[in-house]
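Consider the two complexes below, in which chain A is the common component and chain B and chain C are the respective partners.
Right, the complex of A and B next:
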């Protein structure tokens, strides 16, 4: 691809400083996001996928967690280096965010209309001459909230789970962001509501030409919503590439194992492929490749040296000594 | 007659309802209402099978589990275990019933006492119900812990030292120690990561094979249910809308809700053509049930009769029953 990426994450490192030592929650993560692309960030709990998102928009806890290295290049500048007041103009307005639990992101004592309108009041540069109330109704309509005039006057507790998540999406979209980060947006929703929300998200993403980072633990959601996928394990991206390629021909044993471990209808009587053991304790990570103690294809070299990321010309890359990716040097 | 047709069901629900009286509305406008959590459920579970219950939140699937465990008594109808109504059991037989039906819940941390050692947690059912010597008890603990694939050293530890998957194994060990005939599994793997989930599901299927257990599994995850269950029931707002052999249901879902559920289920297959959701809106409230079929307000194939008459479960194919006017015999 010849165009400059909209968002480029280079060697991001975020560490947690705990009384027991330094925990490398994000350990050298790099990826590019081009205009209009959607990327799924997949991993199990503790793999660092949420930490990557929070590092990008710089919403880390004030104490104990710090981004210690790397760059996040957005519209030509490293947003890790800009001041907090400049960052505030980027966050919400240019990079939107949807979090897992919509109740946590909504204030219980303000009406929904008020909270959606806050975006327009806080970012006057997005002014287009119309009254705020009008624009709130427009954006609520866009996320398919029925009878927005009445709904805007209600409080979050009067909304169902799916409607709350739509409201959060409306707030995120109100700033017309270039990048939307959705961190497990459907985990608290039922499957039919999840389906509706993901379809809406995809539709809006295409309409607005946004980039989307979708954090999830469900490879099914990735298959249906994203163009690219990055699989994370123990703070690193172990495999990245176009969804079709990665899911059909996984190059990393962890991706392969994840796919085979998903219970499917009609699988009764057959044993599920299981990855033995548990994800590593990041305070005391295993030597070499972090997946090596659980890997079915581990070789002596895996326990000695961490495998580098090997990439081919189609944007497919994996960090595994056993992968058959033909490396190209630019 | 099908090959299982003459088996006597281990568990049978006959017209079971559970209504909760609730107050709704504000302080001055409050009125009494009935929340119809389960409203006329009929099903039977054969010995040795895995009976899955699928449904979204608010469908009444958990209440159904609580009725089977006799944590709740039904408002109406009967829950029969080995032919006996469990609501009528005298206390001695009830204790026996509780031994034969054990439960594993979603949140293992919540069901394990944080101040008890694992060995005490696992042995507690033995201490309560049986006269056994200390040596016998600790011997049983060691065997069961080995059977669920935990190292012996966890016995001396506390729940907080264990990972999510290990806690769930402890919960399974505790449920299994009295050698029950049936396990009620309420979202047993929902809180677990994919790699650990596979371990626990494999363990459950090993246990079933080894001890000839009957499972009743409640879940919202159709992938897990499809993998585990032999028979699957789909619930919507307190009613079973479709029930049948799992493969049959996946291949030929008859109820529009079942079809919508399967269609909405994300599948990690990039070649699958994704269709737009066939149903809109959300599950209604069990407080204000609609006239006629409960699914009618969201149903893409609604007919005039649907908003008037509530369809009953009828046999659409052998061992495949559905509650939908589309599949009713016109006669």
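Right, the complex of A and C next:
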């Protein structure tokens, strides 16, 4: 990790301005993504996962939501500060994104070939002199769409859900991005197709040497697909680290609780584990650690002071007073 | 698509028969044309002779049968007042009406679409509220009042445009604007809401993720999807315009079919009214068919 990260998010803060007050949807999120790395971003609904992604690519709702602080360093510059037209060249070409719902992500009135080809028209790649049509067929082949010549002429409604998702992946790949953000890419697919798609995604990531941010609430998917994992709670990252370590030996009580909530085979008849309480109201967050009201290991200090991120030398970090992570800060 | 078109044409023909039946009966209920054609002191025998000559002495169902038979052969009878074939009379006035309706539709479509898209893009701003306010006004104000106000302000007070009649392009402008205001408002509101729906979809977000500019997102990815309901309304509006000319042509003394229909109704000139209404109904049916066929072009999921 001595070389610079491809993408470095520093203290990102994105707030929603609602009539009831300011909601800190992303509250000081930081992480690094090194070349070829994949990171899972997990957390409950509303923990701010998608908001982090949308802030990075600068596609937040036009009204009431704004990134108010932090930096997103990409290729040596803070892309939060560049102009909108410069940002358009980053979107798609440098940072690609796969949206949640494959059934809705393709425009119903244009052919699939047209929609994939648009990437080449928007981001001309001088080094590749072949006609756009050829390149479209190539990238469709890469995502394993059968008989691409014929399929390219069809419309999205003639595609199955899995094929549409692969088309969306093809669109992302066509820009040859350095970072690919996949925001819950498989939630609306059935399980077998989910698996297929994740395998494909991982394969493509390794082939192209892209970084991958995979947003999900499924720890199983993270375990299979990612190198690192960041766990989000109430707009903050509460724990990061290599997937195996975090899942085997969670340092934050919230991660621990998430892991316990996974149904186990053979557990028939036993009640599924459930984290007590509710996620905090972000308009009026509890004092100190946001997880403290639901935490089994809460101590008096937890309700007073927000725990800082403690990191060890292996890239593990957690924001918890009770964690046994040995801080190595120089 | 051919079977669909043929089927729709057959239904349209049935529709025309229905329309002509209604107008046929309505006209005969409205009164006896000989009361207007002959002087007050005409003898009853003369009146009867006139009725026989016009074929009005036969029972109404028989009259209708005769009318239908002739109409299928293209003969709508002779005008009682102008003594010439009714359909040729109507057709001679049609270009003026079509010209007016076409310009009005063009104005309505361009303004409706542009202001609707603009309002959608500026949602929540003062401009959005302003556009919506003006458009609500456009919907609420009656056509005849708008026409009279325009004549009074633009023509009479400012002296910018002619008050009435047909001649230059400038003669067309006021009646066309009068006719356009209402449909423009309706189109604008529908375009706005339809565009807002579309702009909220994931495929629009993906278009942005791909690196499209704002205007390309709206005009390329948004408009074609948003236009599907708008096209329906536009088709209805265009067809309505041909009928609406009755009011506007009367206000502006525009020599089109609308004015002709009013004159013919007042003169109880049955054949002319029948011919004109049948023609307008046929245009209406034709436009509706055209709109349905246009869906297939706009939305690849629709195939006939």
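Note that the second predicted complex is superposed on the first by the 321 of 330 C-alpha atoms of A that agree within 3 Å, B and C clash if a C-alpha of one lies under 4 Å from a C-alpha of the other, contacts with A are read in each partner's own complex, and residues count from 1 in each chain.
Heads up, the rule we're going with is that contacts are C-beta pairs under 8 Å (C-beta built on N, C-alpha and C of every residue); 3 or more make two chains touch, one makes a residue touch a chain.
This structure is a prediction, so every number in the text was calculated from the model and none was measured.
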Return fit or clash for chain B versus chain C, each positioned on chain A through the superposition. fit
Which of the two, chain B or chain C, is in touch with more residues of chain A? B
After superposition on the shared chain, which partner residues are touched by A:220: those of chain B (first), chain C (second), both, or neither? first
Expressed to the nearest 10°, the angle that the Cα centres of chain B and chain C make at the Cα centre of chain A is 80
Using the superposition on chain A described above, determine whether A:199 touches chain B (first), chain C (second), both, or neither. first
After the superposition on A, what does A:66 contact: first (chain B), second (chain C), both or neither? neither
Could you look at A:264 and tell me whether it touches chain B, chain C, both or neither (first, second, both, neither)? first
With both complexes superposed on chain A, which partner does A:176 reach: first (chain B), second (chain C), both or neither? neither
Between chain B (first) and chain C (second), which, if any, makes contact with A:104: first, second, both or neither? second
Between chain B (first) and chain C (second), which does A:297 come into contact with in this model arrangement: first, second, both, or neither? neither
Check whether A:141 is in contact with chain B, with chain C, with both or with neither, and answer first, second, both or neither. neither
Examine A:273 and indicate which partner it touches, taking first as chain B and second as chain C; both and neither are also allowed. first
Where chain B and chain C come nearest after superposition, their Cα distance in Å: 5
Doubly contacted chain A residues - partners chain C and chain B: none
Interface with chain B, chain A side, in the complex: residues 44-45, 160, 162-163, 190-196, 198-199, 217-224, 243-244, 247-248, 257-259, 261-268, 271-276, 278-279, 294
Of all residues in chain C, which touch chain A in the complex? 124, 201-203, 205-213, 221, 224-225, 298-301
Would you tell me which residues of chain B are touching chain A in their complex? 50, 56-57, 163, 165, 193-199, 201-202, 205, 220-224, 226-230, 246-247, 250, 260-261, 263-272, 274, 276-277, 279-280, 282-283
Please give the residue numbers of chain A that touch chain C in the complex, ascending. 57, 59, 63, 85, 88-93, 96-97, 99-101, 104-109, 111, 118-119, 122-123, 155, 157, 168, 171, 175
